[in-house]
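Presented sequentially are two complexes of subunit A, the first with subunit B as partner and the second with subunit C.
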Partner chain A sequence: MPVFKTPFNGYSVKFSPFYESRLAVATAQNFGILGNGRVHVIDLSPSSPVINELIAFDTADGVYDVAWSESHDSVLVAAIADGSIKIYDTALPPHSNPLRSLKEHAREVHGLDYNPTRRDSFLSASWDDSVKLWTLDRPGSLRTFREHAYCVYSASWNPKHADVFASASGDCTVRIWDVREPGSTMIIPGHEHEILSCDWNKYDDCLIASASVDKSIKIWDVRNYRVPVSVLNGHGYAVRKIKFSPHRRNLIVSCSYDMTVCLWDFMVEDALVGRYDHHTEFAVGVDLSVLVDGLMASTGWDELVYVWQQGMDPRA
Partner chain B sequence: MEKAINRQQILLQHLNPSAPSSADQNYNSALSASACLAGDSAAYQRTNAFGDDVVIVAAYRTALCKSKRGGFKDTYPDDLLAPVLRALIEKTNLNPGEVGDIVVGTVLAPGSQRASECRMAAFYAGFPETVPVRTVNRQCSSGLQAVADVAAAIKAGFYDIGIGAGLESMTTNPMAWEGSVNPRVKQMEQAQNCLLPMGVTSENVAHRFGVTRQEQDQAAVESHRKAAAATASGKFKDEIIPVTTKIVDPKTGDEKPVTISVDDGIRPNTSLSDLAKLRPVFKKDGSTTAGNSSQVSDGAGAVLLMKRSVAMLKGLPILGVFRTFAAVGVDPAIMGVGPAVAIPAAVKAAGLELDDIDLYEINEAFASQFVYCRKKLELDPKKINVNGAAMAIGHPLGATGARCVATLLHEMKRRGKDCRFGVISMCIGTGMGAAAVFERGDHTDELCNARKVETNSFLSKDAL
Partner chain C sequence: MATTQPPAPPNSTEDKPQTTPEVVQQANEVQQDGRPEAAKPIVPASVFVNSEPIREDQVSNAVKFLSHPKVRGSPVIYRRSFLERKGLTKEEIDEAFRRVPDPPPSSQPASLNQDGQVKPSSSVQTQATMQTPPPVAAAPTGIVSAGTLAQRQFHWYHAVFAVGVLAASGAGTAVLIKNAIIPRLKSWIRKVVLEEENENAKKSDAKPSLAEEAAAAAKAAAAAAADVARASQEMLSSKNEERRRFEEFMNLIDVQVQEMKSMSNAIRKLEGQADSSGRTFVDHEDHRVSASSTKQSYANGRVDADVRSVRSASPPASAEPPHPKSYMEIMAMVQRGEKPSNIREINDMPPNPNQQPSNPRIAPRTKPWEAQNGSSQVLQSQGSGEGLIQKVQDNGLNYLVDDESSTPWWQRKNVRITEVENEDELKAGPYGVKTNEPPVQRTWVPPQPPPVAMPEAAEAIRRPKSSALKEAAKQEELAEDQSVARPLEATDELNRITKISESAGAVEINGGFSSMNSTEIQEQEQSYSEN
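So, the complex of A and B:
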């Protein structure tokens, strides 16, 4: 299956919601600790096992995450470690990019999520403990959500309710927000350790998953979050990112500092259904294609982006 | 750089599930940031601040005084050493019992007697009996050798904190040869040349490499001028520890208590015409005079070294990092050329070029050899001996190395970040040279886990 080598350490990979062969990759030099960053837009060629780079954008600091616009097929948003958010249009010539640089966060921006239902706005989660709401056409943020007591690592829109989202923080909580409300509507003290990622189930708007430094993934029902619906154990180190499958209700993918990417079915007792150990450094970015059932992508600090079909060997 | 450390810390906490909560900073798992050799090809400024660096946290000296006539003519050698040793402890608030060794460079005194005097000086300075003392003799570079020995011992892990010092009272111990000379020396020219008076080797250097009397006198004038300016502006106050002692009036025999805190050999009004009147001492038609040779002096210096990690733990300011040391051999008949060989060796060992060096302390044993070395290495005169040197301040053989460390590091501190690397060097009687490279302690960042970057083409500093 195709592999793409990035010059810097991979931080995030996202499938385009418009083109089944297109992906964006966020990378940062020196493991994101110091140096430049680069966003790659890459394309799988249908015939050969080669990944072509369509365009790349250099940044002055590391890039920690990217998100594709849900409304424009060529627009993507990048989370930069210097606290800025940059908007790029791959259809425009290089000198017109970035379209916009939004500098409000005081510290590293670590996670982005584009609203999939309203399609006009996106969220940014930052190490300055806040989440911000943005639209493409405004120079400033619409709202700032400031309740977390430590770094916010990710934010995720509810797939059904256009105004509801969740945020995962190092303060060991997941918070549920409604942008029409002044404060958070729910606080889930989900883990004993930092929570690095969260995601909503794409078929059940009440189910949310959280991934933690405690090596576990927990599935919660927001109607009764005293007890998790399920606890997925199996990673050897902190779980960095999780994502529900857009195609199967019970399937969830995760990547971890233990260098593996895992697939889970949270409804069965033997939840771990697949483990991929193709990365040779921390696996920090993973995504599932919305357009192609079972197409997966991952990236890590080994500077490699793998794209493969579920069930196949990424290295084959 | 703070940003990078914060990022590193946040990521490290992800790997440390034993910490009860994220905000808790005191994690103690087996996982921690480790150093790797990024070397010169790191994507940013060279990063080489490691916990096991040997750093200098304090360096002091006594004033240097003319032997037999100056301020220390009636001071016992141990009373010269004890004040600088005590100053190291007092100014840093270090527990003297933590010092692993005191190494004293000293040249002219009988070996065992001087070793005993140094041990006694340590007691006078307030060191407990548990702290050992030894001496080292590499002639004129003994003080620097003592500092290098301590640095090497710290590197080797023998101890974490040590003192390198230097002591010479040329009043008490004039240069002399005891007993008879082995007649075998006549069979070997090099051995015989070891017996040459230093002034004769100076004449040899001047003659062989064409250093003129005028150049030498000019160097002496410069040395006095710079030393006088440094004294007048109070620059030496940072490094000189006042010594309370006595002076005996040679005529009446009256004892008078005094505190000596200023070098007394500096003649601010020295001029070329005055020096031109002096007669050559070692050769009728020679060029080496009392005016363009180093002064015979009494004095002491001491340098406190420790591991960087220990210094940081104790919160001590890091004056400089001891980078490299090199001792080399040269022809004994022209022993003064030593620095011209030793400096490139030490600088190369530090992975540097001569151009990288911002400041030099090159001992002026004689103007002839000093001028030769400066010209041979094509050094910028503005970088050398900016506060004068041995021709004005004096050259108490064993103490000079330690004196230079104090002078160099305090000057580097004054000059700030533009002055990153400094070199100390001197020639050594019987044909040798020594040099050491020092680096400012605050000049490196603490992050040291950068990967080697194959090409720098990805570094787009102007990227948006």
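So, the complex of A and C:
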């Protein structure tokens, strides 16, 4: 399984929804504390387990997250630590990039999510306690959702209902929003500590998972959100990112500050179905490919990006 | 959006009236039966919204919380956040806020706050407190009569009545005092004064002694408090001392480890490796405590201006995860105000703010969950049509067994069933067929295809698809039944032909081009006849 070494600390990795061998990596210098950033677009070579870099974009400040456009195969969006959002087009020559720099957030933009159903809009979650809705063609945000009392770490679109999304915040709540409504429609006080990530189940539109600093992942049914459907324990430290599998109904992948990437089946009694401890620093980014079942990628502060097939050893 | 008849005709005209409308309608009906999502557009709004009634106990708890003087001093956003974390819904929180208004006039007995109510009762109160006999005498009676007269409107008049009674009693006692008691008091006082002159000495002794006692008691209490404070301070300071010592100890160890690292670095340099960044070191043991000590400041995660400005990207974990050594170094540098030396000045602004993105070369692909669940939002991405393509395990096996180099390494799995995705035109791999696992099996079971030369079919699929995809990308949402209907009739027509052609047909159907469909099928038939 190949490895890609980034010069800066990895923050996020995302598979392209168009090309099954393409990924984008968000990295930030000096662990994202202070320094430059870089977005890498990498490609898996089909014949040999090698990862090539197609193009890289330098930024003045660290890149905390990256998201591929669902409408344009060559466009990606980057969340920058100076509060701006940059849009890049890999099909244009490097000197024409970035396409846009959208500066509205007052603080670091920590999470991005592109709408997989409408394909025209994306969300940005920022440490200025707000979530903003954008489209590629407009220079300003369409909506600002400001209700959280602390940093919003991630936002996630519902895979079935194009207007519904959820946000996870350091105020220990997950909020569910509908872009047609002015305010949040549901508040899930899921954990006693900050919630770093949330994601919807792709096959059951009412299930949402939240990952928290309290090392647990909880699965909630929005129809009965007082009690979690399932609590997944097993990580040794805060869980940084979770993602429901696009191919299997009950599979969740998570990465944590305990440097492992874990696979869970939340419908099973013994939920932990896989654990990969290939990283030697915080594992902060993980993603599952939408196009290839079982293909996963992770990145961490050890400046490495691993891409491997579920069931195989990423370091092999 | 839903699989109802009305949207179907316009969609079908858009896509392809290639197939007979009757088949389409039949399929529509089949799909409608199978899918209870016809009313979906209305339902989602209610699923993702609180439908619980307001819980009165939670609201009263919230009211108590909000009425607390200390809470009143805190910003509203933190009050709301606290209540949210306790599990109150938005409606309950709003109700609690409504019941405890910000300026506190709260002297109303029982009933809900009404502004109109506050004013008349306060005016009555001011009347009563004046306590000049004539108006007082008149007012209570007036109020009492008013109260007795109108008792139907419970809230307003009830309060007025109660206040009037109070005023009356107050006035009455005032009158009593004036007339009856004061003369007695005066005489009594005169007596006492006479006695006082005699007992002055004793009294002056008693009072100072009382005062002294009180003062002594207060001093003792203060001394005790001071003692307690001192003791706690001492404990804190001792704790701090201990911690400092521990830190020093750890620092010493750090220093030693650093020396070792520098030595190993030097060794590496000698070996010719240019490893400049200090970040590649991975030491877990030595920095744990130093991490914890500095992490304490953001351990609770609350708003600490300094911490936030330094971008505490790391989580405020209750159990502090071991941060890399150089992370702590950089944090320390930044907190001192120094800038790490490896930062460059980069201009990352767009060179042309009006630059348009390039045209997409591939149409968006269906998501696996969309195709499988048959949601109505499927098939904007008709291009790849992953969801609807049935793939027999044989083909996967063939790929695995026959020609390993044909599948990219990332698709080789230990499992029998492989997902072979159709690639973009640049990758002209031999694998062209898609699998969706689990495949969408609704109305027919794919027959076992004879092993065929896939590549040609794959190429045939791909060629017209590119143009088809572009058109397809522009379409909004297709009814799912459309796509499913197509494979049905495609199957009927191409039953002899292999999966690929069927899938190709499905792809085309998804792509929404009837003309393409027919030519596709013809091409494939030709290719197979050649074979």
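Definition applied: the second predicted complex is superposed on the first by the 316 of 316 C-alpha atoms of A that agree within 3 Å, B and C clash if a C-alpha of one lies under 4 Å from a C-alpha of the other, contacts with A are read in each partner's own complex, and residues count from 1 in each chain.
By our rule, a contact is a pair of C-beta atoms (placed from the backbone, for glycine too) under 8 Å apart; a residue touches a chain by one contact, two chains touch by 3 or more.
This structure is a prediction, so every number in the text was calculated from the model and none was measured.
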{"item": "Which superposed partner A:G140 touches (first subunit B, second subunit C, both, neither)", "value": "neither"}
{"item": "Partner contacting more residues of subunit A (subunit B vs subunit C)", "value": "C"}
{"item": "First (subunit B), second (subunit C), both or neither touched by A:I33", "value": "both"}
{"item": "Touched partner set for A:P94, first subunit B, second subunit C, both or neither", "value": "neither"}
{"item": "Partner chain in contact with A:S71 - subunit B first, subunit C second, else both or neither", "value": "second"}
{"item": "Subunit B versus subunit C as contact partner of A:A149, first or second or both or neither", "value": "both"}
{"item": "Residues of subunit A that lie at the interface with subunit B and also at the interface with subunit C", "value": "29-36, 58-60, 81, 86, 97-98, 101, 108, 127, 149-150, 170-172, 192-194, 196, 213-215, 237-238, 240, 257"}
{"item": "Complex interface listing, subunit A residues touching subunit B", "value": "7-8, 29-36, 38, 58-60, 81, 86, 97-98, 101, 108, 127, 149-151, 170-172, 192-194, 196, 213-215, 237-238, 240, 257"}
{"item": "Residue ranges of subunit A in contact with subunit C within the complex", "value": "9, 17-21, 29-36, 44, 46-49, 57-60, 64, 70-75, 80-81, 86-87, 89, 91-92, 95-101, 107-108, 116-117, 119, 127, 136, 149-150, 158-164, 170-173, 176, 178, 180, 183-187, 189, 192-194, 196, 202-203, 205-206, 213-215, 222-223, 226, 236-238, 240, 246-247, 257-258, 280-282, 290-295, 301-303, 307-312"}
{"item": "List of subunit B residues in touch with subunit A within their complex", "value": "3-4, 7-8, 10-11, 13-17, 19-23, 43-44, 447, 449-451, 458-461, 463-464"}
{"item": "For the subunit C and subunit A complex, residues of the former touching the latter", "value": "44-45, 47-50, 77-78, 80-81, 84-87, 89-90, 279-280, 282, 301, 303, 308, 310-311, 313-319, 321, 324, 326-327, 330-331, 334, 339-340, 342-353, 355-362, 364-365, 367-370, 372-373, 375, 377, 380, 386, 405, 408-415, 419, 421, 423-424, 427, 429, 437, 473"}
